[in-house]
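In structure tokens below, several structures.
Each of the next two complexes has chain A plus one more chain, namely chain B in the first and chain C in the second.
Let's look at the complex of A and B:
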């Protein structure tokens, strides 16, 4: 077997076997290792450090999520409007499907692959603990989601300031959008990663997460839609169908932020019904995230 | 190399692994039962049939699974409370495949080095060094999915060594390798201690491999310690030679094997048969080789095979149980035993 160039001295033609050298440098320990895993997983979610093929989908999704925002801003610049046609939080629910696709396709990349190739026991033979592993992976997936939504929000925000819209107003609404983005990045993600961590098969994971998100969204849409069509034109819309939204993690976040920041109008508006609704919706969101985290810890305890 | 090895041993750690009454009970089985063992620096073989508790012991030593009772120390660190510190100083090569196929060996080993706490630059440097030491060159930049079993085993070994541990735990490192690959791997394992100064605990169910590699053997069965002693004292009594001869060139009626057997028995050797053609001769010393040569040549036959047999642990156990000699065992029992151990291997 021939040696690689760096071990083939050009001038002498003699190979100097330098023998084994130990490592006496610093060992940065558990925290550093967990951060390294987080960074590696975050990059992996966008296909960085992986094959060219695996970059296609995440980059495509990032493009699809951001390009409409660019177009909106471009139109606003040309026509000189006094208000963006879409609010920040509204934009996020509009690209909800794209974000779901990203979640469904990349959560199994972070979780199922390690199970499938049995890399998990190898990680556990390193200084990090099981809890560190779960935190790093969960954190990486949530951050990947957040970045995906942050990109168009920033485009809209910077664009609106360029057009010369009211700074205070825009900043407040950008903040609402940001809150919504954080919630979107936590609540649906937490459920998706639990599903991803149950199966070593990536395909199953993708299908199960997409199925779960699609079915719950559809059920919520049907229930709310039926309720609104059964009442007459002049009657006030009943709020009880809004409780069905609790089934869908995405809808839950949308309703919560709509009610919290008093966003959205019209009969289609999803919102947590009243003060009690706000409380219950918040509790359910917290329970989903905390419960999923505990389930994940349990999942990895026996490996 | 000498300074390196020296640096390892001036440290106060004279015992690499020390367990005291280590017990692990699962709801239905006791995987480890009052295991008290001490392992010194060197290459140590951990021998046991499948399900003997080898993997459980490794898990407990890495601080990944709490013991039901008993205590243990690895490199002087307590397994119950200092798991993270132990894992920083210990390398682990799992038995099963653990390599993502779409990543190159370099990327993977760099990542695992960082997971052990090495800064990025050091991780890259150590990865290049370690992959070279295990014998992986240009191919290290290719995705690992296309690697042969031998190359995969080398990468698995490299990731266990990349952070320059003081001890590596190797779980069945020769599994799935062909005889040449197995010999290479065993030589490499030997070098890990002799050249790199890293102590090795290696598990296997093939005793023959350990004879050549290990200084010390620890045998466990059913979670209990059967024996812990130097390799020489272990295998001396059980070495056998497999002998196969050609038919007689002219006298086709002669049963060549039986004739050789008669001569060898007459020469005072104990001989068993395996199948119709192969004789198993207990190795009593160098003169055994001479006796076989003389017997075969004296009959005018050709020697097809003369090889040292690799013992399975199961055979060692039966030999221990039956006493010193079991030459009375017939062909049929021999065959059943073999089938039994083949099934064992397949199940692993």
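Let's look at the complex of A and C:
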């Protein structure tokens, strides 16, 4: 039991030198911190460095996106075709639902959890700035999406070269697919990321993103179908319903790349209507990405 | 049914601006059908497309998912369910109350606009509007029960529910005949088929099987959710 100070013997208090020294090594600085945040977020999007349970969904999605490409290549090797049954960009739109599910489930993982556990102020108490944070997180999500689509594209490309298809032709189409992948990784992602950053609740984020992507796709399908049923059998399809595609970010990218590289055939083909359409679609895509990025910056300005 | 729990659930689902967000679903459906009615009038295929594909196939599952998981999963997620569980209230009563509220909201936001947009596009011809409303009623109740169960069972309820509603019912159902038989959407369509005029709608499941399956799913999901909630452990987020 300790005595009040005035009754204590005066000479017992000793200050020990425990050898404390200030840090004199190199400071890695703001850029390093931002890069670390980027790599951490990219790994988190695939569940790397997190529990086994959180790896299940991203790895499952990666598998579902890649295995059909492997099967296509295997069939091509066995039967010896002179052309892959599916074009690179077409393959991407075919796995669009899977890519959307990945986006909807992982964007809240990157954004909502920081808000929910109030870790965002901790980041901002370090040298990292708000712009760095937004850039790192946005970049990580876009890269995660790009990697998801790059895997099957590479499988198809390498497979087609192994089969002995024409190198120049395949490379050109691979490049088209790559452009589409970059656009898919930017346009839908930017909108999803803004939705994810508005809610601290992961569940709401997932449902809101998927709801937005699925509902806009369904609405576009119905509106385009609507115009088709009003036209007689022999008449050519009008192009004006194609403008409805502007509502859906995934459809926008598909239409844009189809028109840009003259891909796809048949009456179901989605395409930007003409030169004006190409211009407007490009502008809308750019506006979506830039606007979302601005909104995201504004969202984090007052945290 | 406990009025306090019901009030709290209702506020959790519709309070703040969430009610407005949910309102997007009926507004969208009404807008599309108004547009359709104005541009091309009476087309049987059009009504089937809009009410069947957009309404019953996309909007209803997503609404059921948001409402069903939002009724309980958000509370489990942020841990505030313990205050409710600590009250001297049987756990099954919490489930049934929340389920009642969830079904009520799903009906209000899906079945009512379905009826309105059906009448708007097609009038009372062939009983299509009424048929799709009936489908929305039964399917909405089943979706609510199923997604409420998912909310109690797993922390990834929304993703699991999406996987069921979009991947299983839409994508796999399009390719695999058998998968179509095990889908709430098709069971709802069987009910719609029996309500609508002869031969105007088709479904892959017979009415008897659909009714039995709907009842089994709804009751089993509710019972299972009650049992799971009775032994709930609150796990932290990984």
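Throughout what follows, the second predicted complex is superposed on the first by the 281 of 303 C-alpha atoms of A that agree within 3 Å, B and C clash if a C-alpha of one lies under 4 Å from a C-alpha of the other, contacts with A are read in each partner's own complex, and residues count from 1 in each chain.
What we mean here is this: a residue touches a chain if its C-beta (ideal position, glycine included) is under 8 Å from a C-beta of that chain, and two chains touch if they have at least 3 such contacts.
Here the structure is a predicted model, which is why all the values come from computation and not from measurement.
Residue contacts after overlaying the shared chain place A:282 against neither chain B nor chain C. Chain A is touched at more residues by one of its partners, and among chain B and chain C that partner is B.
By the touch criterion defined above, A:129 lies against chain B but remains apart from chain C after alignment on the C-alpha atoms of chain A. When the two structures are aligned on the shared chain, A:198 is found in touch with neither chain B nor chain C.
Of the two partner chains placed around the shared chain by superposition, chain B and chain C are both touched by A:50.
In the superposition on chain A, A:214 contacts chain C only, with no contact to chain B. Once the two complexes are overlaid on the shared chain, A:113 sits against chain B and chain C alike.
Touch criterion met: A:26 reaches chain B, while chain C stays clear of it. Shared interface residues of chain A (contacting chain B in one complex, chain C in the other): 50-51, 54, 113. Contact residues on chain B toward chain A in their complex (touch as defined above): 1, 4, 7, 62, 64, 83-85, 87-88, 90-92, 94, 96-103, 107, 111-112, 114-119, 122, 126, 128-129, 132-133, 135, 137-138, 143, 159, 163-164, 195-197. In the complex of the two chains, the chain A residues touching chain C come out as 50-51, 53-54, 57, 97, 101, 104-105, 113, 201-204, 206-208, 210-211, 214-215, 218-219, 221-223, 225-227, 229-230.
Interface residues of chain A facing chain B in the complex, by the touch rule stated above, are 1-4, 6-7, 19-23, 25-30, 32-33, 36-37, 40, 49-51, 54, 113, 117-119, 121-129.
Looking at the complex, you find that chain C touches chain A at residues 21, 25, 28, 32, 35-36, 39-40, 43, 45-46, 49-50, 53-54, 57-59, 62, 65-66, 69-70, 73-74, 77-78, 156-159, 162-163, 166-167, 171, 237-238.
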